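What follows is a structure written as structure tokens; I'll ask about it next.
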Amino acid sequence: MKKIKIVTIGGGSSYTPELIEGFIKRRDELPIKELWLVDIEEGREKLEIVGAMAKRMVKAAGVDWEVKLTLDRREALKDADFVSTQFRVGLLPARIKDERIPLSHGIVGQETNGAGGMFKAFRTIPVILDIIDDMRELCPNAWLVNFTNPAGMITEAAINYGGWERTVGLCNVPINSIIKCAEVLQVPQTELFFKFAGLNHFHWHRVWDKQGNERTAELIEKMYNPELAQSDGKSEVANIKDIKFNYEQIKDSGILPCPYHRYYYATDDMLESELEEYKKNGTRAEVVKQTEAKLFELYKDPKLDYKPEQLTKRGGTHYSDAACELITSIYNDKRSEMVVSTKNKGAIEDLPYDAIVEISSIITSNGPQPINWGRFEPAARGMVQLMKGMEETTISAAVTGNYGRALHAFTINPLVPSGKIAKDLLNELLLAHKKHLPQFKDTIEKLEILEK
Amino acid sequence: MKKIKIVTIGGGSSYTPELIEGFIKRRDELPIKELWLVDIEEGREKLEIVGAMAKRMVKAAGVDWEVKLTLDRREALKDADFVSTQFRVGLLPARIKDERIPLSHGIVGQETNGAGGMFKAFRTIPVILDIIDDMRELCPNAWLVNFTNPAGMITEAAINYGGWERTVGLCNVPINSIIKCAEVLQVPQTELFFKFAGLNHFHWHRVWDKQGNERTAELIEKMYNPELAQSDGKSEVANIKDIKFNYEQIKDSGILPCPYHRYYYATDDMLESELEEYKKNGTRAEVVKQTEAKLFELYKDPKLDYKPEQLTKRGGTHYSDAACELITSIYNDKRSEMVVSTKNKGAIEDLPYDAIVEISSIITSNGPQPINWGRFEPAARGMVQLMKGMEETTISAAVTGNYGRALHAFTINPLVPSGKIAKDLLNELLLAHKKHLPQFKDTIEKLEILEK
Amino acid sequence: MKKIKIVTIGGGSSYTPELIEGFIKRRDELPIKELWLVDIEEGREKLEIVGAMAKRMVKAAGVDWEVKLTLDRREALKDADFVSTQFRVGLLPARIKDERIPLSHGIVGQETNGAGGMFKAFRTIPVILDIIDDMRELCPNAWLVNFTNPAGMITEAAINYGGWERTVGLCNVPINSIIKCAEVLQVPQTELFFKFAGLNHFHWHRVWDKQGNERTAELIEKMYNPELAQSDGKSEVANIKDIKFNYEQIKDSGILPCPYHRYYYATDDMLESELEEYKKNGTRAEVVKQTEAKLFELYKDPKLDYKPEQLTKRGGTHYSDAACELITSIYNDKRSEMVVSTKNKGAIEDLPYDAIVEISSIITSNGPQPINWGRFEPAARGMVQLMKGMEETTISAAVTGNYGRALHAFTINPLVPSGKIAKDLLNELLLAHKKHLPQFKDTIEKLEILEK
Amino acid sequence: MKKIKIVTIGGGSSYTPELIEGFIKRRDELPIKELWLVDIEEGREKLEIVGAMAKRMVKAAGVDWEVKLTLDRREALKDADFVSTQFRVGLLPARIKDERIPLSHGIVGQETNGAGGMFKAFRTIPVILDIIDDMRELCPNAWLVNFTNPAGMITEAAINYGGWERTVGLCNVPINSIIKCAEVLQVPQTELFFKFAGLNHFHWHRVWDKQGNERTAELIEKMYNPELAQSDGKSEVANIKDIKFNYEQIKDSGILPCPYHRYYYATDDMLESELEEYKKNGTRAEVVKQTEAKLFELYKDPKLDYKPEQLTKRGGTHYSDAACELITSIYNDKRSEMVVSTKNKGAIEDLPYDAIVEISSIITSNGPQPINWGRFEPAARGMVQLMKGMEETTISAAVTGNYGRALHAFTINPLVPSGKIAKDLLNELLLAHKKHLPQFKDTIEKLEILEK
């Protein structure tokens, strides 16, 4: 059994301990030789802290893996078997801008949807394409496991523009929804069958039990009927508040929404809640910044050699575990059922053949094999088609630096206003993120001249 | 050559003189025997005024057509060859509500788009299906020419729910766009080739000249580049203000928008302008009401036997002329190129096979033959797919009276907010239009109880 | 755990012992209460022989299942959980005609493809629709497991005409291909991942190993390259001779054919071999008849209480085992990977959405979940599309008794000649099968008059 | 009005006088400056004869066009506005082989369908791609009007492999069908509306009259019901014998076949007739060779300055006239309704988006605009899908010289046997056409070694 080399780009992330824990849990299935944590100069300090902790965790687990820290991405990629990406271009300060600037205009400020998520795509796509260029040369058979957000668009860019077919996108939302459904039904997760389909942060799911009965309608009642549902103010994922959907609308859809659907199906209510939160605590990014600072303080403790409880409270819980499971399933041809971002090829009839979709799949040694979904009803169909059009337009703008295309993507995103204000917001964000948007250089220069 | 019987439902409309004029212009092509103007009891006075005028026009033209006025729809439909529909369920007071209620919440109030247009569909669809039931019995071979708004949805209901394949939907927007393009290019309209595709009030077009050169990009520059375009504050249609599109976005699309696209691509700017107008002059419906009153005063003049100039200033100009041309072209197998609402059947690849689309067609004796369009680019594709999903959901709600479905349609319409406010607005409109919404009877009764 | 009732229609079949053995093998997973073997009056003797043997097998296995024999289908169906169908309308004499008549014209005589298979569909479809009518009344939640041939067409009729969504079609060809591939690669079957797609008796497959490498091309070399392949004159299935494919053509396709593809890709060679066989031994049906007679002689032995070795030599080996595995997997939500006939819903992009296809699926308690396949290359695509058009036309003819449609289906089937001879053959077969073709009664009467 | 330059490649063809006549008829619409007839060294003599005659015709017509004869294709192409192609690679001797070799094996020998047509594609596609390379350099805006057979495949190669979007394929079959229908209905051609769809030599049509009534069923009766139809032994086109279709099958299809459908729907009957003809008169090519020789004798007459009656009797009548009408319609943006080979783009739902189809179109200055067709019924759908798969496979083999692909195309063509004989026939034809198949050089060399 060939031993494997795993490389994590953005290895200095506060999530890394979860990733290490995930690998340790699967030590019997996954014969790791080397585990490389890669970061950039600006992340050196974090990399050193979290890297040292990773080494302690590995040592405590009694496995013989080599944990290597480096700022030299090319050195790390050489002969890699799996490359996972969890980097953030511009780090948290960029996220703060993604959230603060829209909110200051009274517009949804959310880093994976709306204007913020689109700018995260603009910053990240050129970098992921660079990484792929290196991979083509240094590890042509490696799998790229992307959990950098917006995960769907980054995966689509990697596959359709980078030509890296062995890319799989991951997100922790589906697994959280699965856990939630099992809780609500009081049925073990393994005794339920789930079908997810849609796009990253914009998918739906249906649920069946072991007796073959569909339980979706019951879940809609128990989760969304205001007369039946009991809420603790939290949705399935920690970073999305449990703003109420209109129950009758969800019931009409007949399928279970993802927590992010609130942004689209209760836009004003979400915005109001975000603005309130913003006034109280600043942006979510600023809250995260504080959490992270505390986590890194913990990580510095030379006695800490396991994932601390506090990490679980961040929004991304189960993320890294999903990545470990995916890698294990590919390596061992386990045929696990997972929800991943992968090529559509007709599995969702309503979306383009070559589009990247998020869909329940069987994970084989040859990658994800989507379970066929079929068609959506007209209302969900229309929304998911719009979102895919928006994604494709955003990716194309990210790759080409075409200003009109970026504006077009803004115009059609339901979370971004259209018209004059769309343009003002786009311009302000372009200027704010100048440093990380080489593809928009000419446009930004023109805007700077106009500013003066 | 068999003489024909034409029936106009909503014959008391102020537009009727344009229709009569249109038929008179085509007297050599169209051997009319009888022309029936049908209306309901509430419209009796208008019918008598405009009917008398129609008779004067016919007499002045020296043709031997029998003009008949009736409140008995079934008498009129017997053996009809063509039935045109220009009625308005609830008359102008209903339109006032469609516009005023949304505006009072700070939401776009427009009778063919957004909440207003959806309620117009809810009121009209049961009536058009009734008319079709009569036609099945009384004139099974007649063509139904619909120009009641929202024309796309009414046509889809007539064909896909009523099963009346011989329905054609008409709108005056395309012809106004054609006139405008010819003006801007300073080329006779007949020397240009136009391809329109999309949905009613949501379509795009491309233009070529006699030398085979596409002129679309040039038109985008001349009409939408702020440095080149000269505007008189009016768009192609009288009732849409010339709010500026973002030129760079239109340029990126590469195709010409319809004037109603402003509602979607410059939503806030349109809303602001509407609210301003509303404060100054009340709703558009109230303005129209005054215009209509003046028109009917004119029509009462027993000496007036031609279409007065003032009618042209209403938004619907060229509408009735389009209807006359359509009827003539079907009757004579003229193969005219017209833009109509008809079944897609793959002409627009991105929309469902059975959907009704608005598209350039050749009009034969067998009805419209769409000229194949192909695919849209992702941004336009996403929007038109969303709008079709919204239309289908709206029509289904109109037919079934399903409250959740109506709310779902509201939720996904880009001109209606989602979440709590969507529900409040829906409920308020349901109560306001109670009289004309028999299919929502149960829901409305529940709402009334809650109100108390 | 609810105990289950299983009903087998055509229970007097010589295959029944394999079915019983399959259930016994799975006794720990499948809590059977009653096992009903149903047959018709003409099959009474066989039913009694094989039924007695089934009882001995069950007894020997020490399980407490009730084995019931009946000629009353409705009694058996009452409250059934699973209904399997393995009947043959007209019994072996009908099959003899299906084979002998075409061969006598020098045309392929094969009971599941070509003229023979089409007549089997004509005879069987009215009966399966009758069974479904009974099921609707007597066991509305039962699963229908069809392995009556032509399995794809019968399944499509059951689902799309009978409206019985809970139908799954089964065939033993895929499992035989799986066994063969594992043998050729010398890799355990469980360490390979297979994707099958196409139609019943007209599908292809691709194979990957545990390391994620596709082994399809290697299998093509080892199985079809005349310089490398070693043949014992048998194909994967006992009833198909190992006539050589053109290796270069298979290599160009890049995917593995099913053994029945020889009929289409080496038509003359197959025909020649069939004719030779026919001259020597009569039709395949006649050979089978003798084999069956011997089997029933064996079955009569009151000491025989296990499946005899001789049964394995019939063409259908693994068939019944597949049925047992399917039932077990549905009952236990096992998520087994199986190749079944089920609704396409876009899993194969090139075929109609509602078509029944044969495809690798995950078997859940809610039935088969197809693994998405995508598109075929043009050459395979064209053939599978033609075959689906032929199947749809055949089914429609079987349901309506439309003579022109039957002739049309004959005309486009690549194994049936077109033109004058197609018509002669169709007429001769209609007359020969008169008794079992009530839907073609009028046509057959006309033909009889002409004959005279 | 810019004067135009027209270039005809294969100008030495016996059809050239029809082309010249066609241009002369349209002299008022088409301001020709230069008319170049291009041929190759082997065709020099014919070019001189027919070129001289063309000059006489032009002179007699009193127009001032310059008729130029050349063997230098590049000189001719310089600044051309329209390039028409009517060349035959390998001249009639190649056609003789295409027909004789299959017939000698008892296989349909027809130069546009089956093995013959496929080899014509193999020989012609490399040449058309060469011509396009020249055009890219010398006349980048010219229209390519192809009527070299197999016209559909050549057009698809030109557009999809050559990238020459301004290619239109033409065939004389549709216009002959139109003339025939008008005759049978005794209605002027201009009072009928036709919709054709399918592939070149494999299309269907529907017909409506001026009153909007579909006349297709009536035409099927009058043309194909043996009790009603009166035949003079000729089909719509001179070179296809009026072999009887099975009337019931045509009636079931509900649409009118093209005369070439006989090859597929009455294969044996056509083959029998061809073999009989072959025994009596040799191949069709040999008959044509004699006809041609006689035509050229006529053309030599220095007094002949008009198209002789005898030319009409060749199979291709109306071909050149169609080319002239197409050029005139593009030049003048006439919007004529014509049946052409052009890109599908969804006009026929059942065929790939990018495929070339033969379809009724409006001819504008921007080229053909297909009239949307929709879907076929399953039986016709399956056949046309198979044929498109066969065409794509053939074109790909022609471009790449891939032997397996060529064999695969042979295998799936319904007019070519599959299996061993397919391979033998392919090999024999490859050797026979060696000189004109540079792309198959390696394969042919291997075959020659094997032969020895």
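Per-chain residue numbering starts at 1, and chain names A, B, C and D are given in the order in which the chains are listed.
Just so it is clear, a residue touches a chain if its C-beta (ideal position, glycine included) is under 8 Å from a C-beta of that chain, and two chains touch if they have at least 3 such contacts.
None of these values were measured; they are calculated from a predicted model.
Student: Just to be sure I understand the contacts, which chains border both chain B and chain A?
Tutor: none
Student: Taking touch as defined above, what minimum step count separates chain B and chain C?
Tutor: 2
Student: If we define chain centres by averaging CA atoms, which chain lands farthest from chain C? Would you check?
Tutor: Max centre-to-centre separation from chain C belongs to B.
Student: Which pair, A-C or C-D, has more C-beta contacts?
Tutor: Contact tally favours C-D.
Student: Using mean CA coordinates as chain centres, what's the chain A-chain D distance in Å?
Tutor: That pair's centroid distance is 55 Å.
Student: Compute the distance, rounded to whole Å, between the mean C-alpha positions of chain C and chain D.
Tutor: Roughly 44 Å, centre to centre.
Student: In chain B, which residues are in touch with two or more of the other chains?
Tutor: Answer for chain B, listing residues that touch two or more other chains: there are none.
Student: Output every touching chain pair, sorted by label.
Tutor: Touching chain pairs, listed by label, come out as A-B, A-C, B-D, C-D.
Student: Flag every residue of chain C that touches chain D in the complex, lowest number first.
Tutor: Counting only chain C, the residues touching chain D are 243-244, 246, 248-249, 251-253, 264-270, 378-383, 385-390, 392-393, 396, 402-405, 407-409, 411-412, 414, 417-423.
Student: Touching chain D in the complex: which residues of chain B?
Tutor: Touching chain D from chain B are residues 191, 193, 195, 208-212, 214, 330, 332-333, 335, 337, 345-349, 353, 362, 364-367, 369-375.
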